[in-house]
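Take a look at the structures below.
Each of the next two complexes has chain A plus one more chain, namely chain B in the first and chain C in the second.
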Partner chain A sequence: MNAPSTHPAPAATEKADDIILEVRGLKTYFPVKKGIWRRVVGHVKAVDGVDLTLRRGETLGLVGESGCGKTTLGRSIIRLIEPTAGSIHFHHGGERIDLMQLGRGEMRRLRRELQYIFQDPFSSLNPWMNVFDIVSEPLVVNRVASGSELRGRVESLIRRVGLKPDHLRRYPYAFSGGQRQRIGIARALALNPSLIIADEPVSALDVSVQAQILNLLEELQDEFNLTYIFVAHDLSVVEHISDRVAVMYLGEIVETAESGELYRNPSHPYTAALLSAVLDPDPDRRPERPRMKGIVPDPADAPPGCKFHTRCLYAEPHCAREVPVLREVAPGHESKACASCLERMRAEATGRAAEGVESASDRAEDVPHVSPAPLAAPVEDADNSPSNEGKQ
Partner chain B sequence: MTENPTLVQRLTDLGRRALGMRRRLPSAPPPPAERKKYKGYSQWRLVWRRFLRNRAGVAGGVVILFIAFCVFFAEFLSPHHVNTRYNEYTHMPPQRVHIFSADGIHLPFVYAIRGYVDPETGLRKYVEDRSTRHTIRFFTRGDTYSFYGIFESDIRFIGAGQGNPFFLLGTDRFGRDLLSRILVGGRVSFTVGLLAVFLSLTLGTMMGMISGYYGGVIDNFVQRTIEVIYSFPSIPILMALSALLPPHWPGYLTFMGIVTVLALVGWGGLAREIRGKTLAIRDSDFVLAARVAGAKDGRIIFRHVLPAMSSHVIVITTLAIPSFILSESTLSFLGLGIKPPMTSWGLLLSDAMNIYVLALYPWLLFPGLCILITVLAFNFLGDGIRDATAPFGH
Partner chain C sequence: MNKTDTVTDTAAKETDAQGRPILLDIRSLRTTFHTDDGPVRAVDGVSLKIHRQETLGVVGESGCGKSITAMSVMRLFPSPPGRIEGGEILFHASGAESGPVDLAKVDPKGRVIRRIRGNEIAMIFQEPMTSLSPVHTVGNQISETIRLHQKVDKKEARERSIEMLRKVRLPKPERQFDAYPFELSGGMRQRAMIAMALSCNPSLLIADEPTTALDVTVQAEILYLIKELQEEIGMAVMLITHDLGVIAHMADTVAVMYMGKVVERASTRNVLKDPRHPYTVGLLRSIPRLGAKRALVPIKGTVPDPFKLPPGCSFGPRCPRQVYPGWDTDPPLLEEVAPGHFTRCCGTVCEEADEQPETAAP
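Then we have the complex of A and B:
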């Protein structure tokens, strides 16, 4: 997404290094306690050494399976959950502030810039407060406005997200999921933040409503110059909204790239497996089997070496010993896949592409890279349930 | 259904009607005007609407309001002064109210009563003296009483003339009117329940919320304290604590003392429930949302946690009142609670301690009936409120 048209001149020149957030080595561990004395016997490493860089005005999609630490990462970045280690530098007003070093009070004041949209539109609105109280709370708490000014601001917010001012007197139970999510968005916008972390904001909604909310989020991004971290498990949603995508597995980021590049040229076996699981609206195409084996390991007892090796189809003995690092595989495209694994992926992909050119996806035809679809032979007896119905 | 319903249809229809089920109609949405109004309702109004549909709960509430009214105006409603002794009418059974006499219909009246000693058993017996009628009068003059120290009056709601025997629920062994004593004693029992619940609720809510919200060491300390209190058997600890109250204290101080003792022993259960609820609400998304908005702990506790808990608090309060009433009765019954000249339902019941008394003077059990009704009414009310709040109190 490009910088908004309101101030094009500075945005165009500074865009490349106009960084808003730098996360370095972020770790969030939850202790596992056992026995009468509640002794700490281990840690769930929900976020285990994450590096992220976010440019102003962009949308970073954060994807991964359930339990991979997406939500924890999102919440740790704004210290809703206290991270265990690492640094979070937030650029605000020409300053570079390390959120981890802030006291409670300073952090509370800075929350005006860092807002959060919740996954569940039902539990995130206090059922005892009416919409006006819910949306105005951030303004009241921060003493931004009061009286008729407050009312005016809340009314314009609620209009901006597509609701009517006479909805303000109502209570959350009177709204549908999509409307509730709009209320949540209005609340997040109230303080005019610069960074919004949206935690699967559409996954609890109907598919028809998802599109409306996504469009609303995009419009608001242009209008208020917002930066998003968009957490999701649905790759098609992420592709739609993100400029860049980070793929998470067991608390680590295994691959980041511009979203088009990631979809065309997945360079980590996990990303490839995730993409193979995306349902295709074309009913004639046989859905492929996800190309990995087993289930997510217990995050309290993560495998040594490359965390993905227990499920990877290209695993070799060295994978259990050597810890891979993020390295650039193409400009702006980083992956944690080890060299041998990447090689085998590429080889298989080109082999498949040569074999079945006619079946290659539309996407693959207009790009020079390999097709994302046939990276490995589908596991026998592919599940042939109709793809788009399963999604509804 | 068509004009010629089949046999099966007719039978189903009949069956449905017998079961009081309506035939399924095309779903009729409420008229739009009403629906619009409904949407603006707050949680409280929704809860109230639901509560009104629960008959047992409403009945409980009405009974409690009635009892509250009676005990508030106890002196006015009672026919005699609590401590007036009618020595010639000791242990008199409940008197009957008549309308008919030998010479026709009258306004409700009671006959005069003559007491005598049964030569065989040596017990006092009473017969109606059919020659003298005492018409029951309302807003009549009787013993003087002081209305909460605001004014003095001798106008009583009901009576049969100054000095005449009028004992609708009989008398005790000193010839004191049981109805009057139940009314005045009820005030003590009822207010002990309310005050004790108020005190223990304040304490319990505070401790419970602190314990649940902050967790950790504080939580551990509060919970262990509660466990220590609860690991003592309750009656001995109540007895021990109330034995600490100096016997020379005036009545109202003893009363407050009893309230304090009950609250000190009883807050743990409330605190635990509130802690559990706080724990659940503390981690809910809307509390997180408030934190994102920049709210401080105080605001989160009072604007988010407390309101979300209020329905729960009301329910546990309502359900806790009867147990306090019972505790007070237990203490007074054992002679460690309210002391004469004050009286309470438990103290009145202590007159009916042995089987000999029960067999001869069964009306002395009336205070027990009052306790029973009050406790049941509170329980019905509490259940009703709980059911009404359940689907909204996330």
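Then we have the complex of A and C:
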């Protein structure tokens, strides 16, 4: 079962300079209106100063709890939601275009390069259109193809995503969730885009179908040299598909790193809390209670200073005053955690690791116990190797 | 020890390995929906046992019949078109000397089930917003349950409700008593629903995807809470989910369902560490695991059309083992392949026979 991973390695040297997207200081604020005159009384800072750099052919995962602004960020990048401030530079045909400066017409032409896959395959397909109309619409609207050429292109697209040409005359209701998501993917691919933003593309699907769609997305990425922004709340899915992951909290990116590194060495208390809450289907790998307190604050009234300080276990008085900045904690690994917080977090993690090994061996039979535990290998390996910490 | 899932044993005094007496004994339950397009056998011969204080996990993908099994116990599915066509649901109520009640036979609107439902057996659902009334306060809904099942006055019901809200750790319970569900966040609503479900100290809690709509961090808190209250009240939990991670950390035993049938049933450890049914194996291989990057191996194909079920093994068309003769004509039976480990696969026995001829099945 140890087939080589289909995941493309982030060939760093080759792709390092081939940047496709640079987002700087992106802000998307929604006004909060109250009273009979609908006066603006405040703003929900859904995206609040985000910087991102994407290399061609890579997958960037965006994770965070609901309401953290990950969907708004994804949509703002391709101006499906109009950002409030910032710049979005898209590299296309040797040019560096600021999407924020484009007019409607120019933006529309460039949209061919920027496609979106939606979360809900039930509401994102028009129930009155058959599959052929859905997939061909972008080609028709952009006057790319017509007649028999159009037919041919749609058929090859639909085959590529794993459906059959005789599905083309059917309507969305006749398809399962996974098949609908394939239709959505075919539509997104129709115009040969270079960047695809996939917003929770598998979270509405059953697990066995989820794996089919994830594998399909990976194959298509290799085949068409696609760049993905993969928005999801499921950390294990994000870790699986992403080369790099950015963790969002209240409209800000609090940590970003290569996905394996982020998992091995989380360097922000929020990331650590998220990771600790993931339940692995290995009864020996015990979860912990999330290491943070309280709930997400109202985004219209975000805490001052470090936005996480109200939930952080390591918060100190200065956290409410000083606004932390993203800084490099390891090569290619940036975190917004302040120095004192990071230090305490690391010390605690080391202590827990030592303790965890003991308690796990003590209570190997006690399945549903909540305490820290070492990491175990996937199920297939578990039988052959009793000691399997940190296995790839 | 159980032999097979056939309805032979007289289970009045039956206990599990830890000496816990049986609470719910579902035997060969069949629930069918008679739709305009034909019958759908949503639950097709399901046998399950839950002992007191035990947590049974029921896993499966959408449409596998796991929710309808739970709804059959509660007698809450729409009828018509749904109908229980066979089997027994024996519920051993606490202190009942007259023996178990067969919930499959009682009137779904009658006195017997209404005395049990919400009192002895409580249920929580995936989406708390749809199962809490939007026009009544949280407190009213909890005290309604309490007053319905227990002889207490309004004032005491209120006190007990606030006590329940405190138990589920809703902040400021006195104030939240008068809050409407829309004023609470998803996690808080789920807590309020748990408070309502547990307000009468049920002996069985059926939790249908209780954390699917929640963020991971909130999920962990809610699961932890359920576990804690389970120990405090001493109730059994039937946990329905598609998430094997939740199963791994909550359930004592697991039943894996596919197309209305239990295809594998064993202790949680055995199902997750030593799965015998190809569907269970397929599920485990198709989920990404944190910190273990590897290729995902999806189960090929899709769930069959419930109106056109394959005649033999319903998993057969998607099964990688298919080589075993008769898979497409004879539905396999649930067989015990190891002590307490049942699986419904025509391949398992053959495979074991291939590998270990000396211990071949009779």
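Assume the second predicted complex is superposed on the first by the 339 of 392 C-alpha atoms of A that agree within 3 Å, B and C clash if a C-alpha of one lies under 4 Å from a C-alpha of the other, contacts with A are read in each partner's own complex, and residues count from 1 in each chain.
Heads up, the rule we're going with is that contacts are C-beta pairs under 8 Å (C-beta built on N, C-alpha and C of every residue); 3 or more make two chains touch, one makes a residue touch a chain.
Source: prediction; values computed, not measured.
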(message) Just checking: does A:W128 make contact with chain B only, chain C only, both, or neither of them? Give me first, second, both or neither.
(response) first
(request) Check the residue A:R244 against both partner chains and state whether it touches chain B (first), chain C (second), both, or neither. (result) neither
(request) Go through the superposed model and pick first if A:V278 touches only chain B, second if only chain C, both, or neither. (result) second
(message) By the touch definition at the top of the document, which applies to A:K307: first (chain B), second (chain C), both, or neither?
(response) neither
(message) By residue count, which of the two partners contacts chain A more extensively, chain B or chain C?
(response) C
(request) In the overlay, answer first, second, both or neither for which of chain B and chain C A:V207 touches. (result) second
(request) Enumerate the residues of chain A that count as touching chain B in its complex and touching chain C in the other. (result) none
(message) Looking at the complex, which residues from chain B come into contact with chain A?
(response) 39-43, 46, 284-286, 288-296, 299, 303-304, 307-308, 310, 392-394
(message) Give the list of chain C residues in touch with chain A in this complex.
(response) 55, 61-62, 185-188, 215-221, 223-224, 227, 242-252, 268-269, 272-275, 282-299, 302-303
(message) Using the touch definition from the top, list the residues of chain A that touch chain B in their complex.
(response) 78, 80, 108-109, 111-112, 114-116, 118, 120, 123-130, 137-138, 141-142, 169-171, 173-174, 184, 187-188, 190-191
(request) Could you pull out which chain A residues touch chain C in their complex? (result) 1-7, 65-66, 176, 178-179, 206-212, 214-215, 233-237, 239-241, 259-260, 263-264, 273-283, 285-287, 289-290, 292, 295, 367-368, 370, 375, 377-380, 382-383, 390-392
